[in-house]
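Notes follow once the structure below has been shown.
First chain written, first letter: the chains are A, B, C, D and E, and each begins at residue 1.
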């Protein structure tokens, strides 16, 4: 029983990490209807820059965290300006944006290798105090709780922001129909840039938390989470913030439960992706996806 | 006119590692090791001695790029010998090209089975897990009285899979019970589900086949999840890197590592290498660097024996004849099957250092 | 004297770049395999997995069963095609990125199976696969598929694909059995991919699960977009440029490692930004 | 037996009953109008007739065959073509290509002669293209053949949609607001075209809010309100029907 | 003069869709623009809204040159367009559509305005929480008009407002237009229904192939034989 409880906690935790990564991802996806495949690179760079600030600039993590998050947000603005704005009005913008963001991701990753080296690095042990609790044989760390809390707060806050606030509605309006939004007085280009900023800042923050928790940062760390992040936002329903978190947790749980139930992890990813596959067949627009509106 | 090398004999060597892609972190230290050796050799050769002209290249961690690089080395650069590539997958393909082109190739990190069986031009100085592991398990059993273990390994990479095979065989040979086998994938950062499962089985030890990127995470998360320090973690070549200690910190204490090289081995060549490398690059070397460094010296030895004009075939013969060469790895020979033949070491992490605890 | 020299230069060139040329051929075939599905408006990220299925099928047949190579090639194409057809009916109900992810998930499952199965050689891959692929085979296959695609455009199938790509609902209303045509596109694509995978396995001596993961799938899309998706030779141009790019950069003395990777990415970015219709716009004068 | 028989069609969207037991029939060769207030269920009914969406219950018979359970492409292959209220063209194709794509059911393009590059394939292409051009000419778009559909104006798009539907040479043509966005002169042209088509034996069911168009063109009209038929008959009877005036027409102030 | 358009030229690539058009809209007036399909009416309105670039000429709004002003600032200035083809935000609810309509104006009074719109178009009341994309064509058109009014425009550009509306509702829309004018709103109207639009307008322009071919007081144009022939007709 303890074992099972521990696995559930593991699943919720790793799922929240996926979700954190996916929130920013899905935000841009929802607005522009294009995938920003440089998101994983921002995730990586956010973590690496925070590490650099802590290690080389000898800052406290509490200073480095917001600075690196800000830096990631600015990367988002750069991605938008370089990889998306020039393509905005091309007929193939969907695919070309996909590719240009990959191209930029390659440039970012090579820059990361060039600047930080290819090896895995970690935050100094003293960066953040971690408490470990053993409750009834179940291990929980303070960092885990913090990460799950942050994910939950972000989900609630962002959802509310999108539903209620003026800018949130403007973001959704741009997502629905850019031309209409423009005619209604929405500063579309500004809203898009703003969305990229928020999205990338979130991506960078996720990278920092990831690095803090797992104690491992490397220039290619975005790669392994990229695919899962993609799976998660589709599972949750594109553009849906609760979907991203809940999809993340669902994905995390399916991974962990495979291990718990089968006792071996050989098929962990296979099961996770099969579940994704099955859910898509049952609910073609994901768990929380927008319902198909009439076409005729 | 007389060729340039008549005055200053120069042997061309192609050196290819994964500078980008999934194995980039290993390729980076390999290149450092090789570069250091080349610089030392060329400095020592002075005006008269045989120089090495290195052609460095990147296989981007993929077989296709590896093939292109090998073809270029052989047909365009006309190198006399090749060192690399980083990954066994790639070597499976590229070494056949070297074989077909009759250019000797020395793998310095390929550990998969069957690589040297490709042909008589294919060598390696990397001890395979199959050589290192039995010794590790035997010593560990004697020392800790281990009778039941859980295994955790990466099942999607040739290196970690080969390590697993070797561990499994050694454990069976030693009649140690395997409680469960868990796997992970390249790039995984979270190992808590597997470790939770393992914890629940209360093994005497955890046997792990992983490269250092994942190994550090596994070691620290195992301790974080409350697997007591009295349950040792046993790893292979992949663990043998200073980053393990750097990244896992105190959790790394007590980890047992069977490896092909030890940074603390008393061998003076080795001590000098560790010192020079650390001075030059600011980081202590890992096993990848050491094997690459040794590889350049091994090839250089063969080159000198073969002599100008450095015909690949003659270098091959000289390589095959290497016996008890002094190297950072120890007294180095090739087996008749062109695999490395020297003594592995068993190390333990103590007070943040690798300490040799047996052979 | 001169002909001999030319001959020498040619053999020399082929010795150095022969395998590069072969890879261009194989990658072009893979790119076209995706082009087929794209031309029906479906983004499949499963084609790399179909190449893997083809590669393993053919490899197992020639290695263990001594099946003649040509038969193995056909078997590979058929196997990939059959799986695509079975997969297609449920999956092709999905649209856009949902389809892409479902096919990607399929690819991941195939990859993980290949890692865990005995017959595929697990993580170490299937090796040594006999070396049977020759340049002429690759380029004959490429020429035939290229021709097929060029001609298909003006056929009933081609028009149906185009209609579905433009507006699936309207296509249905015009009497087009969209499910069938989408499955057809998916299947043809998978067959071409399977063939390419089989040829690649018999060129490289080995096939490993790592070869057809996410990045391989995306790479095929990159070939298509960089080359241009308006005409059948677009994907070929894209595959040729991007496959040769590392070699070209090497020729210009761009050092190995992160710098080359960065320059690679930068060039990719430039092509996307400044050639709106891909490389084909350099060759066709059809302006918009 | 009428060409199209619609019996007790009900269509629910969640709790909303868009069609609530609709019955009427369309005779072969007639021009039948379908009118009613916004949201009455006209487009929903058209979707059901063309197989784009199944009814919640009820039957549709076309030429004696039940078609309410058939997928859209099969309904189309029986000879039913339609246009869309919110215009669904193939945006990146030219006008000519849109019409050629619309020939799916009528053009045979065998693959083999094409693969062998036989002249017959080219001849067919040529023929079909000529057909398409004359179809474009029927809706007055002959000089826009090479223009992409996405750069047409609203009214031109409507006409191109009609042309594309005609390319299928349907027995029954369903038009959803064919003259929306057209001026009087243009409306007259479309009305003329529809009359000619009916004269050629085509049956037409059309939805329209342009009353002078409907009243002068249709031989019979069915009026829907809240998903139910409130009147059906000749333009004269319908336009005098008090329910219809109250729910739909109102009292025309401008005349 | 509220709106002054001088020698305006708009192109799509090589095609000139609007050619050297000059027109004026006086404050508080209703001006109708009529012309055949493809004449350039929508193009002209889009140029006024700033969503497509202008090739030549200029646009003055209350004396201020807005030719290069970005669309959202024009909206802030009070120029609102109800676009052709509705462009409702399909996935957002009817209420959210209306709220977004008021994006550029102060928050106060939005709820009251929504209530007023629901009164005008009862259907919007019934479906207030439904996604706009599920509405019927005509219902969406009503929503688009209501959404435009939510902005409290100074100059309202209406592109075919009666498109797809039932006769009763068309009547209502024209009633609203007259009512708005009484409240001092200025309107530039593009309408298929030339007869009715000329009836409520002060001035009118006829545009053909991108150029103004006729202009004058609406009453005068209503009796122009050419206009009668092509735009008013006698029914069929």
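To be clear about the criterion, a contact is a pair of C-beta atoms (placed from the backbone, for glycine too) under 8 Å apart; a residue touches a chain by one contact, two chains touch by 3 or more.
Owing to the predicted nature of the structure, the values given are computational and were not obtained by experimental measurement.
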Chains touching both chain A and chain C: B, D
Per Cα centroids, the chain farthest from chain A: D
Centroid spacing, where centroids are CA-atom means, of chain A and chain D in whole angstrom: 47
CA centroid of chain A to CA centroid of chain B, Å: 35
Inter-chain centre distance, chain B versus chain E - centres from mean C-alpha coordinates, in Å: 74
Two or more partner chains touched - positions in chain E: 134
Residues within chain B bordering two or more other chains: 19-20, 22, 155
Residues of chain C whose C-beta touches two or more other chains: 112, 116, 169, 257-258, 261
Which chain pairs touch, all of them: A-B, A-C, A-D, A-E, B-C, C-D, D-E
In the complex with chain A, residue positions of chain B that touch it: 19-20, 22, 24-25, 27-29, 155, 180-190, 192-194, 196-197, 200, 212-213, 216-217, 220-221, 224-226, 243, 246-250
Interfacial residue positions of chain A with respect to chain B in the complex: 2-3, 6-7, 10-11, 13-14, 17, 110, 113, 117-122, 125, 132, 134, 139, 141, 210, 214-216, 218-221, 223-224, 255-256, 259-260, 263-266, 268-269
In the complex, chain C residues that touch chain D: 148, 151, 154-157, 159-160, 162-163, 166-167, 169-178
Residue ranges of chain D touching chain C (in the complex, touch as defined): 50-52, 71-73, 76-77, 81-82, 84, 88-93, 97, 100-105, 107-109, 111, 114-115, 117, 121, 125, 164-165, 168
Interfacial residue positions of chain B with respect to chain C in the complex: 19-20, 22, 56-58, 60, 62-65, 67-68, 71-72, 74-76, 88-89, 92-93, 96-97, 112-114, 118, 154-158, 160-162
